[in-house]
């Protein structure tokens, strides 16, 4: 028997029945990153204190994408998110010409299923938006790896990478 | 002066004016991948000839996400896509326990701006959907690296990684 | 070889490439209907001259759904519609207890592909909305048959049922 | 007094107040069908074991449309669906040249109002997508009749056609 | 310390965590208005008893926009609205050439956060739609002032302008 | 005969046929404003140089809403916007306790119909988002007046308030 729960008796995809699952507070944390070059790094850092910096746009995109997850991922349940928080870190080694932005999204709900996909979608949209804002300077940016870091709540308990 | 074109005179984000750019056929190819474990590999391969296999769902998600790009990426222009094609490849080395699906999206338009973001969004949504369909088996899957491979059309000409 | 154009070389669904197709004015007319009972018929007719009649809501739903077609039908191209017109007719035979509303949608575009799906989606959403507005009175309403009546423009020329 | 609950004191459409209704598990089953010709029948059947068959695309469209119901039907309440399952049956009589696919959607929620519209929207979008995938072969396909088969949960209890 | 709750520890926007807030019935009433000229006034009044009057379209737009609030306002939580009611009033003084439509929206939910933004979005979309329907006659219409009139439910209790 | 073009022969709303209108560059500028109190003024000004200031979020909301106009305003044609630029001005008179933000949106397209509604929708969403970000401090903010300032392109030529 298949361990993939997303398929019905006809072998077709379904939105899994969660009617009997308990409503609890659930959280998920996902991580992504984007490797940029020095030119873009300088632009973002110099623009950091200005009104419309790149990361501000990217982070709003991430929050809005988290709310759109069920419209992007076909078998995802629509979920009433109760909180989304996106933050950034820099991994820079100028000598090695490494300029990397790490993106973390923490998503919360009080519902019957987890929010892993919402957190993963949030960091993906954030990274894609950084790409979009900077692609006029350089198109060689690389997004990812993108992964789930942590998950709490629900019957199966905690996941910690 | 900033090389980032997405900012206006007040230093705030804007959707860049492309009214004067020529309408030409433009294409973009993006690549992503997802690393899975052997259990998921077996499930996908065994399900390969069945009606509702994982990759079929993921690929439809990618095509629909390409059409939603301008709603996910804040400064993206709405574009009338004229074609989207998503295909998969396997990178498997059973001895090294490597099971990886590579995802390629080719997007076309006849318009005034490129479709890099549409191709990147398509492969991202495809990878996220594979994650969603298989996460009941294992949550350690890793998405990416995600990158632009090729771009044609428009004033700036071709990009080839 | 398959005559179904919506599949790529890997045998998977794709959004067909229409980059080389000519932009011409294209129209499509679709038809649907909904069979209601006498109670609902009386309500709609009596409400006909009032501000918020059932058919006004249904018809707006149809026009808005036409614009959403590419988000509902996975392989549909996003199209800039240039006109949508929805009209109603009654097919009533009180002796035979037949009360039927026929719904017609005419959709236009100036683009590279036809608008059959937009017209069919419009009449479907219109019929579904009539059902929604009246289901408190009777849930036995029957929607359809729904079909394409006419199509003009494009290389393949006219379709007339 | 009007039995149509969707109108307010000014005689205009409203989204009915369900704040006081109880949250219970509710289900709805809807049915639709699409009549195709032999050519399309052969294409679908021959493609049945392939990766991207017509019905797989159509069924994903149905599930995603169920989640969009409140954006398509103006007075529908937004509902957190807890399960959607779409299945197909064949009604074929080769001698009489009858080739018909019947589409069933079962939708579940744990909420304050029923999911009839979600089930009806799901089967409608599924049928429309089959039409879209096959219209290059024949445009004479006929969708419907579309109807509610069963409804459970809520104050008014069960509906069974 | 900032009193603006929408910012996280990095000083960036966030969707505020409401996981611990109680689910209660919450309501909000917002008001807007649109100043039109006599020509448009005559058109709307004369069309009042007809099937597709301007205000019917506008009011449906308002209800549908209320459901889209979390997709329009970046930091808004997605909320399952339990009721939306939009009504109109006239403020006319023919001698002073004042023709004004006032728009009121009352929105309800049973949830963890208020619906002020949903009510304000509803009246805004209603006013914008009146503008759209009448702009062929005169483009000088003025929308607003738009404001919150009343709010009940939740920890902070009632707001009454 | 009605001067309102949005109605068909049955007296119902329609999306006006623009198939024969010429594709030209069209622009529209709309204006809105929001009156805030001194507390909020201090918060916004103090936060001005920080990464996630209120106006940055609001302005992104405005740009994204411009792209959603055809989904919010029922009879609006879907339009491929070629540029959106939102800027802010302050109207402050501390002695008179007047603190007002004026919002201007300039929208461009190369298409068959004007972008007045896109500009008006952009400033409305921007103002609504400022309200959302600051409503924890004070709910008495007032949005508007909102109006069209300028329009160029198309058969009817320029509009200038």
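Lettered A, B, C, D, E and F in written order, each chain numbered from 1.
The definition used in the following text is that a residue touches a chain if its C-beta (ideal position, glycine included) is under 8 Å from a C-beta of that chain, and two chains touch if they have at least 3 such contacts.
It should be emphasised that the depicted structure is a prediction, and the values quoted were computed from it without experimental measurement.
Asks: Could you check if the interface between copies chain C and chain F is built from the same residues on both sides, meaning over half shared, or from different ones?
Replies: The interface of chain C with chain F is built from mostly unshared positions.
Asks: Repeat of A-E among D-E, C-E or A-B, where over half of the residue-numbered contact pairs coincide, is which pair?
Replies: More than half of the contact pairs of A-E reappear in D-E.
Asks: More contacting C-beta pairs: A-D or A-B?
Replies: The greater number of contacts lies at A-B.
Asks: Rounded to a whole Å, what is the gap between the Cα centroids of chain E and chain F?
Replies: 15
Asks: CA centre of chain B versus CA centre of chain E: separation in Å?
Replies: Chain B and chain E have C-alpha centres separated by 37 Å.
Asks: Give the residues of chain C that touch two or more other chains, as numbers and ranges in rising order.
Replies: Those would be 8, 10, 12-13, 50-52, 55-57, 59-60, 64, 68, 71, 74-75, 79-80.
Asks: Considering only which chains touch which, how would you classify the arrangement: line, ring, star, complete or other?
Replies: other
Asks: Looking at the whole structure, which two-chain pairs count as touching?
Replies: The set of touching chain pairs is A-B, A-D, A-E, A-F, B-C, B-D, B-F, C-D, C-E, C-F, D-E, E-F.
Asks: For the complex, give me every residue of chain B touching chain C.
Replies: My answer: residues 25, 55-56, 59-60, 63-64, 66-68, 79-88, 108-110.
Asks: If you look only at chain F, which of its residues touch chain E in the complex?
Replies: Touching chain E from chain F are residues 2-8, 10-13, 32, 39, 43, 46-47, 50-52, 54, 56-57, 60-61, 64-65, 68, 71-76, 116-117, 120-121, 124-125, 127-129, 131-137, 139-148, 151, 159, 161.
Asks: Looking at the complex, which residues from chain E come into contact with chain C?
Replies: Spelled out, the residues of chain E in touch with chain C are 48-53, 55-57, 59-60, 64.
Asks: Please output the residues of chain A touching chain D within their complex, sorted ascending.
Replies: Contacts found on chain A: 8-10, 12-19, 70-71, 74-75, 77-80, 111-112.
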